[in-house]
Structures are given as structure tokens and as C-alpha cells.
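In this document, chain identifiers A, B and C correspond to the written order of the chains, with residue numbering beginning at 1 in each.
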């Protein structure tokens, strides 16, 4: 059957030709996008190692002639004179002191809330969950003013403690949502078995559920860490001067560069401010993505 | 007494969290709504003033600019993010070897704050030393790019940076959606003779409806709340040309001593979000119930 | 008219060898069932025939033409999947005619095929519904309809019935059988269910660990399994397997079970050896439960003995009785009126014309 043979051969050839063409096109498009996403980071890094003179002479994409650390030193530790010198070191520690307790508190409360809302169902629990859930979506502008007044009344405005409170409260919606969705998928039989074995409310939580919650704890901690570290709205509304977190300090630094813009310092500072979340993302990208798709909201 | 506690222990433990949520979210929102109906300036006053703040708000040119900017920004931001997200997720779904690496690259901006994003893009888009100089060095001597300081174009620089920051996220959502599709459906379509492009257009994308829905809702939500990026990139400028409602609100609240006006703009934002979220949550919960 | 030939097919997923040198010949109009446990490579083989998996080594020929690199759509095949794989966003009608549309079949022809096959499968009332609104059985029918309207040269089935409940499964099985008799098209069918395989196939290929263990008619597979694996996989309740060794006697050989104190043995003089047996060779004797019955049941060569029941399972029509045979459990299929009682010895008879013997080391039939 030569006719059939020829026809089949043609089909074979065209199939493989098409395949190679599309393969190339595919990698071309993917490559172009990779460059688009990487370029600003590249520019940021090379700029931070240049001198201002080199920045003015060259262009964005050029590699530095030599890798100077001056900008990094200034961004982190300042120039050594006091008036109006903004540098990141103290604010980096501010943010750390703010993030750690806020993450721990909101994650722990979220876990226990999720546990109650799934394993100790009671009348109206769905409505309560909905009220929690809705907190993920509200625009924070709607609570900004009363929050400022409340912090003032509590005597913790413009303090790290105040920001810890704010982030713990508004993180609660997300952490409760995460844990609730995770615990829903854990069979109720496990709880029943533990109750028959004589375990009580807290024992079941600490001995049965928490030990199998590692994945969702990681997701939640990463989510909370990223959001709180990256927060600017609360930081800039409720703190100024020495109590500010790092994002606020970065913004001030970029805005208040004295006479001449120090782009190399700005870039080094931006990198320092973004570094912790970037590291978390690279080390635990899987959990980061899971948080994004599970929470499905950027706070 | 003890047995009562035993029986109600879960509720007792939940109560503090719930009280916090009630007070700090719902109580505060009510407070803001109330203050938006008063004459409050520097300090809150509690005498009712009707809807006069809203009238003031909607006759304020700056607010109009902010709303108009929000519309432009939202439409472009949502549209471009979805297009890029779909494109990249489909391409990444073609069983390519470098998938893990590329996914990491496309998504990493999401880990950076809007302030860092804004700072980086402010430098890249710098009208003298940034992208303009780059292209001139490459031989396009007439190339100008001054959007950052151009009143008509500054809002688009925010779109550029925001798309860079968030489009990878949409990619991740769609990729997760694509991966959840039964492999056999695609096999069946291949045997039925559908080309790859028509498999995606006629079979897979229609199945992605829920992903479309949640991506759009999330992007809308990000855009309505967008504040940090504007501050870091243009600070609302030049002038007020790239103002957004969230910027307007904080300006009025903390710099102009217009608490009443600020509250009314916050309420407008809140209502907008409500109009998007409530139908979404409703349909989402119904879908979950149906599949249970 | 379509024949299919697989020559030395090999497939690797990473370092795991999923198929090793598989050979299969399917002549026109046959109903071949690929039977095996999960992970044996049967679905991979089917997917390779469909063109959904690439071929690492070897050839697949359809009508004598090597199709290794031909796209699935150009192989003129249709396939029914385990999950039915209906397109959720399309109506039943759109699902069924989707393949015809891709092939640019004329409108009239499409309508004609649609109405013919949808009536045949009794889904003509459901054409405007979406898959989500159908029951499992209806989805199954639509999936079949989608394959049928294409009128392909070869039908491929990938465990099409395993998502149905037991009753529907039997019903659909019968319909598939009728369909094959009506159309006479070549069909290749993957399943792990031996009853499906026995009742549908013209020939069964039993697969394990990427190799076709045995290929033959259902009767051959059942009566003369060529390895312990095939013997054990086919048949329910499972075949009785007793280890022992061969001992010469004056006429031929005796089978002596292991751990046999008192010189008990089973004469197997009538057994048709395929290889030359050796004195003292360690073997496994296989005997299906229906060949253990009350004494005086069998006319041909048989062995009478008394055994104590340890478990009695009534199946309705008959009873499966498990006995203790020198520390081994053996099961017999007894009529339901047999007076079996736990612990009280029962006179039984073994049908020696139906035994199978396997080499203990290679586990192949001897």
C-alpha cells in the first residue's frame, strides 16, 4: 500500500517539524519573560555596587567596573554623621522585633481557632467563621483612624508593641482561614478516637493535631512573615522616627537623600529590605506558593 | 461550674479572638462609618452632619483624579496580569525541563514588598539615567521615556511595576488550576483530533472559570487597596496626577486633618470591596457546599 | 480492517522500566484484554498504542505501518477512559460530536451518526445536558458514544468500568460485549478485573512487571496457566497452591507435599509435562477450588481423602469451604447442600486431570 505509506510518512514529518518549531517558540517566550522578571533585580544589584560617577556615565545594564561596597555600608550603617542620616540597621531590628512576636501570636491563635471551628462545631460556628473570613478582605483604610486612636488610648502609639498588636489582630483572619481549611480535611474520626481514648480539648490539640500540622504551620508562618515584614501602611500610619519598621525607613531614605540622589545607596537599601522575604521565598518557595493559592488574598 | 466550663471550653477559648475581631474590625468599621457622617476635622466629633462629607468628597477634584486613576489602573492591571498569567501558565504546562526554575523566577517579585518594588522601578524608569539612557546607549538616540515625571503617563508606571510584582501570582493560580485537570480529558481531546491550541481554547480555559473568578477578585482587591506602590514610585505625583483613593484617604487623615472626609473616602473604598467580595464569597461558599 | 502489532516495545519512566520487550499481535476484529495488577504496565502499553506515550524502543504497527511517531489523531483510533474524560464545559451533544468537528465531517453526516449512536446507547434524551448533570452510568454511555461516532479502526478501553457500582458494571460489560459482536471492530481493553477479562476477551494478555506473562484464549489462561502468577491472578476464589517435590514411581511421578510425615503422596501419572521433570525437583502444585469436591463427583483420575473444614463461606449458589491440608489452607467449591461442619472431617475428592505443576524456582509451568 504505497499510497497509504506516503500519506503516513507525510503525517509523521509534519508532526515532528511542527513540534520542533513550537518548542523553540515556547522557550523563546518563556526566556523573554524570565528576562523581564529578572531585569529589575539585576539592575538593583549592579547599581548597588557602582559609584555615583559610574552610574552617571554608564547605563543600567552595565556591570560595575569594580564591586564597591561603599553604598552597602552607607545603606546599612550610615555615613557616620548624625543630622538627617537615615540608615537601615536600627530599623531592620525594629522589623525583626515586630515580626517575630506578631507571627507567633497570630499563628498560634489561628491554629486554635481553626481547631475549634472544625472539630468542636457548635450552632452558629459558620457565621463566626464568615466574620473572621471577611476580615481578610476589608480595605485597611476603613480601620486606620479608629486604630490610631485606640493605640493612643492604650499608650502604645508609635511603638513596636503597638505594631505587634495591629499585625496580630489583622493577621488573625488569615491564620484562622488557613488552619480551618487544613483541619477540615483531617477526618473527624481522629478526634473521636482521641476522645474515646480519654483526651480532652487541649490534649487533642497539642498531642494529636499540632504534631500533624507542620505543613500548614510553615505556610502560615511564611505568609504572616512576608506580609508583616513587607507592610508599609500600618508602619507608616502608626509609627514614625525611631520606632518605624524597615519599609518605612527605606521609603524615607529614598525620599530624603540629602542634596544628590544616591541611587547606589537606594538600591543597596532596597535589596536589604527585600532580602529576608526573598530568602524565605527561595528556601521555601513551595510553601510560599501554597499560602498564596490557599489564602488567595494579598493583605 | 466545672462541668459547665468543660462543656463550653471550645467557645470560651474562641471568645477572646472573636471579641478582638468584632471590636477591631466591625466596631472600627462602624466607627469609621459614623465619623464619615460628622463634621470631624482634626479630632473626631460625634454630632451628626448627614451626608455632607460625601458631597464634599464627590465635589473634590483630587478625589475624582484618584477614582479615575483607580479605574485606569484596575482595568489595565487586571487585564494584563490575567493575560500574562494565562500565557505563562499554559507555556509552563508543556512539560518543560526548567519549569521549577522558571516558576521561581516568575513569582519571586511577589515576595518583595511594594516599597522595594517601587524603589527598584523608580530607578529603572528614571527619566535621565534609567531606561531612557539605556536605549540611547544602544543606539536609539531619539528614545525618550519620561513617564515618571509626565502628568499624563505617571499612572502607567504604576501599572508597569504592579504587573511586574503580581502577574507571577496569577500564573501560579492558573498553573495550579491546569494541574488539577484530569489528564484523561486532554488525552481524550488529543485522540478526538483537537490541536493543542483548540484543546486549550475550547476545553481547558472554559474549565478554568473558578480560577478566572478568584484571580479577578484578588487582583481587584489588590488594586483597590494599592497604596504602598504609589507612595514609593510616584508619591501620587507629579502633583496629584497619580493619586489613588488609598493615598487620598491617608493624606486627608494624617496630613490634612480632615478626619470626616478621610472616613467618607474610606467608606467608599469599603463599599467597593464589599460589592466585589460579597457575591464572590456567596458563590464560592455555595460551590463548596454543592461539591460536598 | 485493522491489525495491530507491537514489537519489542520498551518504555522507561526515569530509571524504572515500565515495559520490557513486549510483543503483541492483534488480528482484525479481535477483542484483546490486557489484564494485570496496577503498575504492571498495561495502561502504559495502551497509551503507547494510542500515541499518548512515546515509544522508547521497538515498534508499533497499525495495518503494517509503523506509527511510532504518528500523532494520536492520525492513528484512527478511539479511546474510552476510566474517568470518562468528558469535557465538562460542553453538552453531551457537543461532547459526542467534538471529534467529528475536528475532522471537519459534514453536518449531515455528523447529525446522522449522532442520532444513530445516541439511540443505540440510549443517551438521545440527554443530548442537551452537561456531564455534571449525568449519573455515572450515563456518563459512561456518553463516553462510549464519543468513541463510537468516530467509527475508528481500533477501540481502546482504559478500565472503563471501574468507576461504576457493581450492578451497573455487569450491565455495561454485557453491552460492550454486544457492541463488539455488532461492530466487529478490533478492540483492546485494559482491566485489572479478571471477570471482565474472562467474559469479554477473545484473547487475554496477562501482564506483570512490564512483561506479558501469557497470552491466550480465556479458556487457555484459566485451564493451563503458564506461571504461578497467572494461575493465582485469574480465578476466584484463588487457585490452591501447594509446595512440594516430584518423586519417581513405577509409572511416572508422584507429588509429595512439603512437611509430609507419613509418606502421603499424590500420583500425577496423567499429567502432560511440557518439560522433562526430574526426580526430587521442587515444584508447586496448583488445583482450582472447583476441582476439590465431595467424593464420587469426579469420573476421571481422582484422589480421595478426608479433610477438616476450618472456614465455610456461603455464596448462595454454592459454598466455598476452606480445609486444613497439612498446615496449608486449601479451598474447595462445594454444592450448597454438602454437609460441611467446622472441625468434623469430610470425605473429599481431588480431580487430578485438572492439576497444574510449576517449577518452584522459575515459577513457570512444567
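General remarks:
The definition used in the following text is that a contact is a pair of C-beta atoms (placed from the backbone, for glycine too) under 8 Å apart; a residue touches a chain by one contact, two chains touch by 3 or more.
What you see is a predicted model; the values in this text were computed from it and never measured.
Arrangement of the chains shown, judged by which pairs touch: all-to-all, with no pair of chains left without contact. Looking at A-C alongside B-C, one finds more C-beta pairs in contact between the chains of B-C.
We define each chain's centre as the mean of its Cα atoms; on that basis subunit A and subunit B are separated by 15 Å. Subunit B and subunit C have Cα centroids lying 56 Å from one another. Residues of subunit C found to touch two or more other chains are 71. Interface residues of subunit A, counted against subunit B in their complex, comprise 22, 26-27, 29-30, 33-34, 36-41, 43-44, 47, 55-56, 59-61, 109, 112-113, 116-117, 120, 122, 128, 130-135, 137-147, 149-150, 169-170, 172-173, 176, 200-201, 226, 229-233, 236-237, 247, 250-251, 254-255, 263, 266-267, 269-271, 273-274, 277-278, 280-282, 285, 288-289, 292-293, 296-298. Considering their complex, residues 63-65, 67, 69-71, 74 of subunit C touch subunit A. Remark: subunit B residues 6, 9-11, 13-14, 17-18, 20-22, 24-29, 31-32, 35, 44, 84, 87-88, 91-92, 94, 96, 98, 102-117, 119-124, 126, 129-131, 133-134, 137, 164, 166, 168-169, 172-173, 176, 196, 214, 218, 221-222, 224-225, 227-228, 231-232, 235, 245-246, 249-250, 253-254, 259, 262-263, 265-267, 269-270, 273, 277, 281 touch subunit A in the complex. By the touch criterion stated above, subunit B contacts subunit C in their complex at residues 182, 184-185, 187-195, 198, 202-203, 206-207, 209.
On the subunit A side of its complex with subunit C, the touching residues are 1, 4-5, 8, 11-12, 15-16.
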